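Data block below; observations after.
Letters A, B and C mark the chains in the order given here, with residues in each chain numbered from 1 onward.
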């Protein structure tokens, strides 16, 4: 059978064997939490607690500002010990709330379960927003925004993303194996909120057990389980939609423009928690893996846990790390140290050794066209990068630089080790800056 | 603790390097070199050595003169050398070969800024300069004298040259052509060192296909166009025009289609561009062979299409995901 | 023979008539003063005047919407010429040159990580605020060098941008492109500069750079008018630059430098003993 997929893409070794067989473990509470107020795309939340105040688990500690924003909650019960700038995985230090756990780990009494059957669509979306649910695949875009499309954009196809195409990461995979009911409850809620006619759960073919399990659970329901070809970036939103529906999201448009919506499996689970149990998003599954960690694990971590604590829980370092990466190896962000907290978008912590890092300087482009063939958006990465490098923003824009999804396929295949994605990103920033400056 | 590496994503790499690509291309040329040495003996070997060493030396000298790091290790100069040798007659005098090597690297490559910046295939630039400047030496062909056969190299004409002469003189195909299609296929015919054996060249190309260094687009379009066009003329007048298989196996078509036209630096990057490029090469080759003054047109055809590559790259862009036509939103 | 001469002659005639007609018909009206102004301008199209190129500036000059002293590369000469052409008063143009206020190259200043990727300061600055520990120091990846239209910036082998006084025209392109604002415009006659751009506390600066300003106030004490200390960083008050040289010897980290003897080229920026590795 020919599996569904998209055009272009690459086949990096998946390296999931480090952690794919490890059941999800609950990560013990650290001595201190650092909960950043900016964890999602959109306006950061503002602190609404005071230093010295006692907070209950799940209590709002940062309130949302604006529509594309969500509140932040206390990951455990304890005392607010500081509100200050702390190192953040995005780069610069950002405001964060420090909480010292009291060890009781008691839920706030205000959080009440509810019967989804009694709730209106708007109530459900509001519950998701108040629970601070964001896209957990890595982009951390507030989920309630994606759940409330404008009335003229009817979502017909809801796609649940269980692809996890990033090498090394197994968090979603373990979620699917261990908590299919929770995920499917979320899927059903998402479907009723969006009013989608068709629900597709897309899983890469390298996870046959997850596919079999979901097929078993979905038997007798209207949910389709689609097995997708193993290829990176199969889990990218636009590529997943193309593979499942055969339609392409228009350039510069959104999935809802062609009647589709994509939510990650973990997001679906978080939506179920938010609506049914009234629980905010304060924990997630994170894969701690890589050749430099002693014992790779899939951990259920509280948001705001420092990376150093995760390393400790996983038996410490096996070797001196060469790169600390938050997220997967294709799209993750390198970190300066372990003193940054995990956030809602932290799907993995990958530790590479010194010898895993390729410090080769870039060479001249030999126009081998590997990048052109690998690009899932069908761009000409080398041409865009060449323009971007010379600050020829108009030309870079003409070659559709803004359509780049920064998946990293071009840099991965480049035999001359040219940092194509970084250069294109640089060009995109220049294009945006130019647009801002010339109204 | 040692300092960490920080970089933009992605953090893993396919492991393929420019040097690796170049090395694979060199390996793939070994069968053709072997066959050449078998049929043409030590003279072919000396041309190969002089061209390769000449190119390496020119590259080193040029880069030293321009104050750039010397990058002989990347293998690109060696490839140019081998390809140049394969495009020369086995009887080329040493000075001709050496001059070719210097032209290829200095004028064909380094003046444009070195690897990746040259608009024309360096080996072909050298071949064409030599062909125009030294027509006698460049068209003095030897009949093959396989090693151990005890034969001496005898001056003769290439099959294409033989045909062209006959057509020029009589307007007809020669009554009796030397050599059979089988001989043409394995390379038992007069010609450039590397162009004679289609078998050896295809063997090397198969390796490149396997390593995914070569894609099918340019060779298929090139060869396909040649077969179609020459077939058309053959059907019109079989008494004057040779059949497509003859076109395919003689002259530098296979060498050109699989090694020279596919030179990454000087060919387009998009798939539609590659197909267009290959077809253009095929069209011009047939045009020159059938109606031009030279019996052989592959080199000129490729160089002309090299010149068109930037234009092709500009217009034959892949259709961006989510757009209907180039750059236009759905 | 005759036919050839005649036919070629005819073709030539027809072409000449066509060209002459086209030249008249499609002629673009240009203010003669604009042409004269274009002649006078340096023609580098550097953009220092705020227009994309010299032509834009010329147009604005003739329209009278801008001053004649907006072309730093041209200097006083061009200002005088423009004033003559346009018949306006020549406002005195004070000449300014760019100076890189940092001498913490990779022997003197510490790095917090190995940067891999695009050789560009802005791109590197986006990854954990740049590889140098110092938040203000020159990153040495050469963005200014590539931006300079006059080839006036040299990157030293030890990773520092140094501006060549002879070639610098004061066009400010480098100032605009530097993500750390380490390049400043300074008056031509000032030769003393504080070559540091770190606003960290002295104790912090000492940890990562041997030649950074530690805001010890000694220069200000020696020449109160010529120096000011703001945000833990000393700088020369260029209105009183002539007094600044007094404090040279007082600076404990030697980050105040006097270039009265001429501005150095890249390799000569730091004294010979600079090769000593930084004590970690």
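The working rule: contacts are C-beta pairs under 8 Å (C-beta built on N, C-alpha and C of every residue); 3 or more make two chains touch, one makes a residue touch a chain.
Here the structure is a predicted model, which is why all the values come from computation and not from measurement.
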- Message: Closest chain to the overall C-alpha centroid, by per-chain C-alpha centroid: which is it?
- Response: A
- Comparing B-C with A-B, the one with more C-beta contacts is A-B
- Centre-to-centre distance between chain C and chain A (centres being mean Cα positions), rounded to whole Å: 43
- Message: Roughly how far is chain A from chain B, centre to centre by C-alpha average, rounded to an integer in Å?
- Response: 48
- Could you list which residues of chain C touch at least two other chains? 112-114, 116-118, 123, 127-128
- Task: Name the residues of chain A that each touch 2 or more other chains.
- Result: 334-336, 357, 359, 419, 422, 425
- Tell me, which residues of chain B touch at least two other chains? 4-8
- Item | Interfacial residue positions of chain C with respect to chain A in the complex | 112-114, 116-120, 122-123, 126-129
- Message: With touch defined as at the start, can you tell me which chain B residues reach chain C in the complex?
- Response: 3-8
- Using the touch rule from the top, collect the residues of chain A that touch chain B in their complex. 10, 12, 167, 238, 242, 248-253, 320-325, 327, 329-337, 350, 352, 354, 357-360, 363-370, 372-373, 375-380, 382-383, 398-400, 403, 406, 408, 411-417, 419, 421-422, 425
- Within the complex, chain A is touched by chain B residues 1-2, 4-14, 16-18, 20-21, 74, 76, 114-117, 213, 215, 264-271, 274, 313, 317-323, 327, 329-330
- Message: List the residues on chain A that touch chain C in their complex, please.
- Response: 91-92, 334-336, 357, 359, 362, 389, 419, 422-423, 425-426
